[in-house]
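Read from first to last, the chains carry the letters A, B, C and D; within each, the first residue is number 1.
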């Protein structure tokens, strides 16, 4: 039983839009953006803004209710393109009813993929899970139990280029917006990562820049650290060097063997990756250089 | 040796202003505020904004550079008063070069007062420490070592009204903006707290609403909790019920006796109180009902 | 391919035993216990010990390798019974190859049950999951996807006593050692909880003693707290008053609506419950009065 | 007014001893140690024990009441030397009434030294603060306000060897047991650190091994990390490579400039250093290789 009020609530929610902008800082940007939206019947729900004084850069995210938008979305986009060009602005526009499509890449570890799928089912991640892609067949049961298509692309040193080309073709055919490397144990080629700039999120199982490379929990154990953690970052051709989105840690002690670090780390990986993916889906992240603004 | 650029930087910093507003939510508020500032040569440095959709309330903090403000500050204030009245807006305006004056109330525990004084000396708290007030003479040496006036008002059940009246007189004479109860072990009378609404910050040594009242560490020990913490809140006539500003916790275990909880708690008290005071001094806090927005 | 060394390692692991004792403190307890084990070829792997000086109580957990135990386990138990009686000792003995059997109680929320089942599959929880019990049929798919028996006992105010009697019969028939209330939304009758003392772990979605009773996230939102969390405790006839095993919190802000607290809380619930269950399964917990020692 | 009971309590406290041992693991160690103490009227208050199965190493800390020790402390030490030698044991013995003497090294930053001195006054650190040593005269007022001797040893590239020799002479003359580098901004020569093995605690302002070397907060800012922290470790000739004792972190964001990281980091530095110093003073730390056991 839906009342009129509830229906209107639903429409509003679906008509929620997000405009994210970054540009060289100058006077009057906030007023100009707010006015531009107000002029077309758009009501700002909330906004986050940041200025990096050293870099001279301005960043803003505006979430708005477009129920009363007085022109078509296509025209609105054109308008933004024309008006924002004079500010030398990078910008993107998203509507909540145009859900982002996500591909989850896995290998043999299931905990991160499971976690994302469960959160999606619980309504924490507002997106479509388009597919699971793996280089191994092991996790088919995970995909099945959440009714998500599962594609296997086995990779060895001879077939990597071909397999990645097929993956890319599939991702583009399925209009995938975001790739999540949920403990995917294959290094993507530079050509692959460059194809999806700021659209691939990786989880690394250490608090970068500590313990780059392979087997970070073993490295952490060797060094005798008292904290272990995880880092979610955008993947770039420079492995483990991409812009950091979120990090979490937990305490550890002499009592923790490598297997205990692995166990504790799994919780950090799951929480860290989920936060980063959620922030991306809500258009809260802007990268510049090696840094991120996460509103 | 100060260069011209540095001098200009200094002027800008001193001319930094903060406008904090709250009002019933309606369309166009963000554009209207931004435009009002832009119209008078004021450049917004950064802004934080929040809408409580359930309460239908709008909140915004705008930090701006008033170096090129084209009217006097007094006229600017009048202008805001006139223009903001039509939005039914609560607002306040602060300039960085008009430092807030702070009085720290203490009894016999020195750690919170020490911490605030040290942070002030290190430049973390942008204010003037006008005085320490105590109901005991014990902490005079703390005031002296930081060159701050120290006033003792001994309080018993017969003289409370008189002593508080004298405290109020002193606070008003010294134009004190903020009172910090740094483990002050006397309950202020309702008349006192009502005199300084949202201008008295108290630190309670538990994560409220757990363990209200006396001896919270003993209560926590009795209950066998596994976390202890502290809460900074604005003082109201209802003890321990004022709007919460910040809370911190730390883990504890069977190994911690009451004295260990007290020791661990001191760190939480210091950090929590300092954060709350800093947020207040930077005009980041807005209260509504029993809640706070902390930008 | 298993080497001899690996096989011996496996035997050792299976023969690992844990002795947990508590008694009034007196001289010589540590020496007496260690000697008793040494006398029968038992090698202590590690030990944790605690003395509550105020309560005058002694607590110890000894994990040992029983590969070379020179008498039968039954005789060893008899021996302990005889020898430890003179110290007025409460004690329990567990062997790793005699796995505890666990029943998970659920209602309609799946996240905690899912989490426990996944951790079990990943090897984090060394037990047998004997069954899922629910008062609703909704989570059958969860049980199925992990191949665990699922039993539904619908409960209303008329049939509670009968249904609980049937649950108890099933639990005892299946020799269940530990009951985990994984967001089970029915209050167990005192007769039920008293039947399984220190063998029922509940997860409450607040940091007790804050927000006892129903809808703690709503209560937390109303109070405007800046931290939310979860508490795992043994269930007793006094609701939300049982001995606390573990607590976790996370920060929240004005930006979090009730649904955000619920989402953030889910992570705290999962981690807190899993830690408590793991500690119980490893025989790390001793209760006395309303308190726990968690080694 | 001290009652007889309180006096006895005081004597007991003063007669509290701590025995810390490490050796290759073998059967019967716990029983042998406990028996050795029991044989001489010594009552164990509590004990912590750890076995590193991979390294084959055994570690134990025994805290005991030596009020009824039936031989002299000197004889007790001789006895331990003789009896423990057959286990190939490293061991040390400390009595609470033989307080450790601490020297705090500082440069121009006062927050860590202040914090240690305040904690000492509050009774958190059970030691004598023998002196402050600095390479600059700036912090004399800190030493004075806590009535601690202050010695200045200005260091440049020409006089380092001479000045360090004088420092060592002073430290040895004053029987200093522990040196705390409280943001001392001079690298100690290898000869100095080797003179005081496991007796120099340094605070590094990052979560090692991330951001070794100079200006870690600037490095952290450049990398765009989302957590900053501090590491307390024993100083060795290999800079920033010594065994880690404790680490703490706090979240940071795009909103934090370098100066904000510095401010947040100060809190982490203070807490981390204080914990490490306290653990050392209570003889809770054992190092082996690059690792520490911290009981």
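We take it that a residue touches a chain if its C-beta (ideal position, glycine included) is under 8 Å from a C-beta of that chain, and two chains touch if they have at least 3 such contacts.
Here the structure is a predicted model, which is why all the values come from computation and not from measurement.
Peer 1: Name, by label, each chain that touches both members of the pair chain A and chain D.
Peer 2: B, C
Peer 1: Compare the CA centroid of chain C with every other chain's and tell me the farthest one.
Peer 2: It is B whose centre lies farthest from that of chain C.
Peer 1: Taking the mean of the CA coordinates per chain, how far is chain C from chain D in Å?
Peer 2: 36
Peer 1: Any idea how many Å lie between the Cα centroids of chain B and chain C?
Peer 2: A distance of 43 Å separates the two centres.
Peer 1: Which positions in chain C touch two or more other chains at once?
Peer 2: Residues 50, 53.
Peer 1: Looking at the complex, which residues from chain D come into contact with chain A?
Peer 2: 50, 52-54, 207-211, 222-227, 229, 243-249, 253-255, 257, 289-294
Peer 1: Quick one: in the complex, what on chain A touches chain C?
Peer 2: 110-111, 114, 118, 122, 124, 145, 263, 266-267, 271
Peer 1: Spell out the part of chain C that touches chain D in their complex, as residue ranges.
Peer 2: Within the complex, chain C contacts chain D at residues 27-28, 30-31, 34-35, 37-38, 43-51, 53.
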